[in-house]
Amino acid sequence: MLIVLQKKNDQTLITHIQELLQRKYDADSHIIGQNKRVIAVPGDTMNIDVELLRSLEGVLSVDRVHRPYKLASRQQKDRTTIRLHDACTIGNREQCVVIAGPCSVESEGQLDETAAYVHEQGVNILRGGAFKPRTGPYAFNGLGEKGLQMLRKTADKYGMSVDTEAMSVEQMDLVEEYADIIQIGARNMQNYDLLRRAGKAAKPVLLKRGLSSTLEEWLLAAEYILHEGNPNVILCERGIRTFEQEVRFTLCLGSIPALRELTHLPIIVDPSHSAGKARWVDDCAKAAIAVGADGVIIETHPRPEEALSDGPQSLTEEQFADCQKQMRVIATAMGKKLV
Amino acid sequence: MLIVLQKKNDQTLITHIQELLQRKYDADSHIIGQNKRVIAVPGDTMNIDVELLRSLEGVLSVDRVHRPYKLASRQQKDRTTIRLHDACTIGNREQCVVIAGPCSVESEGQLDETAAYVHEQGVNILRGGAFKPRTGPYAFNGLGEKGLQMLRKTADKYGMSVDTEAMSVEQMDLVEEYADIIQIGARNMQNYDLLRRAGKAAKPVLLKRGLSSTLEEWLLAAEYILHEGNPNVILCERGIRTFEQEVRFTLCLGSIPALRELTHLPIIVDPSHSAGKARWVDDCAKAAIAVGADGVIIETHPRPEEALSDGPQSLTEEQFADCQKQMRVIATAMGKKLV
Amino acid sequence: MLIVLQKKNDQTLITHIQELLQRKYDADSHIIGQNKRVIAVPGDTMNIDVELLRSLEGVLSVDRVHRPYKLASRQQKDRTTIRLHDACTIGNREQCVVIAGPCSVESEGQLDETAAYVHEQGVNILRGGAFKPRTGPYAFNGLGEKGLQMLRKTADKYGMSVDTEAMSVEQMDLVEEYADIIQIGARNMQNYDLLRRAGKAAKPVLLKRGLSSTLEEWLLAAEYILHEGNPNVILCERGIRTFEQEVRFTLCLGSIPALRELTHLPIIVDPSHSAGKARWVDDCAKAAIAVGADGVIIETHPRPEEALSDGPQSLTEEQFADCQKQMRVIATAMGKKLV
Amino acid sequence: MLIVLQKKNDQTLITHIQELLQRKYDADSHIIGQNKRVIAVPGDTMNIDVELLRSLEGVLSVDRVHRPYKLASRQQKDRTTIRLHDACTIGNREQCVVIAGPCSVESEGQLDETAAYVHEQGVNILRGGAFKPRTGPYAFNGLGEKGLQMLRKTADKYGMSVDTEAMSVEQMDLVEEYADIIQIGARNMQNYDLLRRAGKAAKPVLLKRGLSSTLEEWLLAAEYILHEGNPNVILCERGIRTFEQEVRFTLCLGSIPALRELTHLPIIVDPSHSAGKARWVDDCAKAAIAVGADGVIIETHPRPEEALSDGPQSLTEEQFADCQKQMRVIATAMGKKLV
């Protein structure tokens, strides 16, 4: 860490900062240069509060040499790949993974019907919510364990993996039991107890980006999970909140190449929640693949108008088949196999 | 609810929508006008998915006559007032309440020292975190129950009330036992299990606005709490995330008069987290009082540089005394008593 | 236009609104339905201030049947195509157009060198700024007319078209003389005198989206140009300002399919300004093509470090060649020819 | 300027950067410290492109010792005060200035009526638009010179100063002739030709903040004006564009204390455009005064419903009188006189 001072040779401030670093963080530091304008703090400075140093009068800037996360950092390794089953690995450079299914599990019939056609289209991972976070208290909030059982049963029937959300620590045991991928939603991205519990799970975690999270906050959330011992975190960009209201959320595809430099974790994209309208999903999905995402997660429902949640953005069977076809063309152009 | 169609006399669409409303929501509806362009759905339409109707081809717009929350709505009552103790009521038009204390409870000495001077300055509610949500896993995350005990003991010594945060359902029993106000942080504003549990608590809940929450989402979060039977929710504006980075968060004071029309719940403001710098807190606090807030919540620490969290925005004793003095002048000008 | 009232049979409000519409806008209106809750205003309501009606007490909502622009609207026609020369048409479904060149024209040598390699890569339109809008007054602001002359001469040498920016009405005569496409920058998107002047130009106008413009504001800016008689407007998405700071601007690719439904105008994307870093430009450019844009505009410089503006985001010759190759693969997959 | 490198003793990079600085900016530099990790560039570095240096591989950070503006900087002087007439000085610590009047000048009658009542309420500066920037081409765009003449005549009748907007360089001669304060609107904040022309004017300039401008961009826009020789710039915060749509723009009051540290220029606030609704203006105006603004600018109209622009946010005579009364109470509490 390098602390740059506004004035040269400000001995009082230098002493103050060096003592503070020693006392509060047990951190050694030394002055560099004759003008005594830069204080260097060598070693691991993860626990030092950069904002505190920045707020001291007379400090011009404070620069970390390393980002405030370690395990999620690209400096750690090049790529994390997560093998789900024989046909499907997330994060390698050869496959583009599609996760598809209904927003909510509503009934065995609805789920089976959906699983049947997404599987026929080549999808290996079935999504579906058994516990649903809903903006207001008057909406359908999922079938709970019964929904999880349906997911497992249906996925097994078609030889698929299951991706489903856990909204709280209490639900985690159940979700861990039935799911192959544990999803953490955007609104829970900074639910730290939930992150810690996910870090103890034996299953990969799909961590959605918070609606207004910076990349750093997102990677720090991933760090919570990694730090507890679970190395398998999949990041999912799902659109951020901006002034633009014509689309539901602003899909931040520019962050994908930026993330690639910061982290080794796989990155997938959710075009459904960002578009908010079924007929815009295919274009956004293609863009996600072209920007280099490791996969996409897409909502589909046999009869979107009857859906108990997210109907407007759910693709029909026909739309899904068409989307899959379009995505495959782009994936192929990118030298990847759509699985 | 009124559904406006793009074309006149579009009988196929009208039939489709009326059947959908009946089948899915058991809702009666009727056409109004000769041109058959508007479908009215009378009664309580809280459970109808507006977005779904909007997404149907041929629908121009859908307007709710009522907002999607009931209990939090101003139509319910004029003002909720929450009496904490003899000297201090939140939400009446006569008092402007100050909640003050350290970001985190660090030790008995630190807490007592802080409580002593804020109490001397006329403050009746002591804040302090025992469970701390931290962006990264490597930071101090609170003393837990020991912190709660210190808060209770110290507050009792000075005859103060306690405001402290519960980050998860698990912590709620403990927090409910020790606190007079249960705080729910910005990052947990849409942690629905936590909201539901808070709705069963016997203590008032201070609900911070999420970093990127609309007023409607915020009031729907309050609705979760009210819906479980807890009528005492205090809203706390703490700044939203915008492109502006010179301040930590953009304090959205214009939302206060807007909220007054939407809800009967008391509204306080947190100038500390939005300013991010101690020396800007007083100006923002005065603005909050002048815009009509029912109170403010302010972070202070005897030695901000030693603080284990939020040091840069914590006022020293001297700064706090000065801020309190300035706030009192504005409160008086507003015809309110600063308590 | 449909005006929905909060209460039924509110005769005073109805009379008030109907008189206001008559007096202020000379607009007839009639009540629809027995409950007298909806007032309809038939015909062209472009000049009626929706916000004013919305602000009246007792008005629940006001819906336009049409958007507030006419000429830019998709209802006008399906697609505008702009033929630049034999090899290159913007807005048809068969070509994906690349506009490339340096941010600023710096010298004849620099420009010729750049034109040579972009032309060799198949580019038909040369970009380059002769008048440069710069955030601060101390930066290089272009060679002026000399720059325009160099652009023309160089483009003619390689048989290319010229795209260059006019920052003000005064510069417009000159720019119109030398350019084939007149560019209006993001910061000038609501410079209405400039828009009107561009509307009188005989050349196509490339209109960049303002940093914080909604799609409606953008299309209204286009409407200014169209309204003056110039039918050839090309929209250019270049990223919006959001809280995300890791990338320079947030490229809003989701707006492309949304725009397609609203307007017949061609839409291109500027990955250079949004990425802000040369090494992220190719990924963003591919995403732009995959989402369905009619083209891209890319900054390149033989020696980015020597560039007098936008060096960090300018591709080297080698990077440009590679980007072009990658874009071509995606364009081909999309069934388009990269020209 | 201090350039911090990622690695120690990276001699190739050091040489490269030092040569680049020399060649491109004629800037001397030297290494500081034994580890050779920091390069210092002494003196005025205003013309050096920080982003370019940041984009070089191996560079960790680049810090300017000074912000990229000089003349607008607080380092230049403590406070700029602008004396308009005997009763009214903007920017001193004793007065809080009110600028009031209609959005647009519509007729002599409307203007005189408004001037009469705002003057009676103690206002010394009359606002009114003769040239109106309008989002779409179909709206009223002002009376032009006739409007300016009415403004001058009416203001003279009541002994008031005139504040009115110039939208383009062409209008500047006229506006300069009739106005006492030349207003530059939010959409023109980065219209650099206009800024340069305003810098040559003999009248003070009121520079509104762009909808999505950072404080730095805003001060750089002011720098353009100052740099041409006009020392009298008044900054006007008018709300920024964020995801929050309940209010028209998000008034960023927290930026006022931040600006005070950065600049010596006076700062006023526009509560009308940010609130967007007349009934919220008074609360926002009080907050602006309490946060320490040097004044406010408020829209008022004898009959808001008849207003040709900005009716919804225009105060009636009665509302204005009440707002003025409330503002006076807060100004007095702040130790200032409302003029």
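Going in written order, the chains are labelled A, B, C and D, and every chain counts its residues from 1.
Here, a residue touches a chain if its C-beta (ideal position, glycine included) is under 8 Å from a C-beta of that chain, and two chains touch if they have at least 3 such contacts.
These numbers were taken from a predicted model, which means no experiment stands behind them.
Should one ask which of B-C and B-D has more C-beta pairs in contact, the pair is B-D. In this assembly, the chain whose C-alpha centre lies farthest from chain A is D.
Averaging C-alpha coordinates per chain places the centre of chain B 40 Å away from that of chain C. Chain geometry summary: the mean Cα position of chain C and that of chain D are 27 Å apart. Rounded to whole angstrom units, the spacing between the C-alpha centres of chain B and chain D is 32.
The residues of chain A that reach two or more other chains are 212, 240-243, 245, listed in rising order.
The part of chain D that touches chain C in the complex is made up of residues 20, 24, 46-47, 49, 51-52, 54-56, 68-69, 133-139, 141, 167-170, 187-188, 190-194, 196, 211-212, 217, 220, 223-224, 227, 240-241, 276-278, 305-307, 311-313. By the touch rule above, chain B contacts chain C in their complex via residues 2, 4, 6, 32-35, 37-38, 40, 60-61, 63, 65, 241-243, 245. Partner chain B is touched in their complex by these residues of chain D: 212, 214-216, 239-240, 242-247, 250-258, 274-275, 279-280, 283-284, 286-292, 329-330, 332-334.
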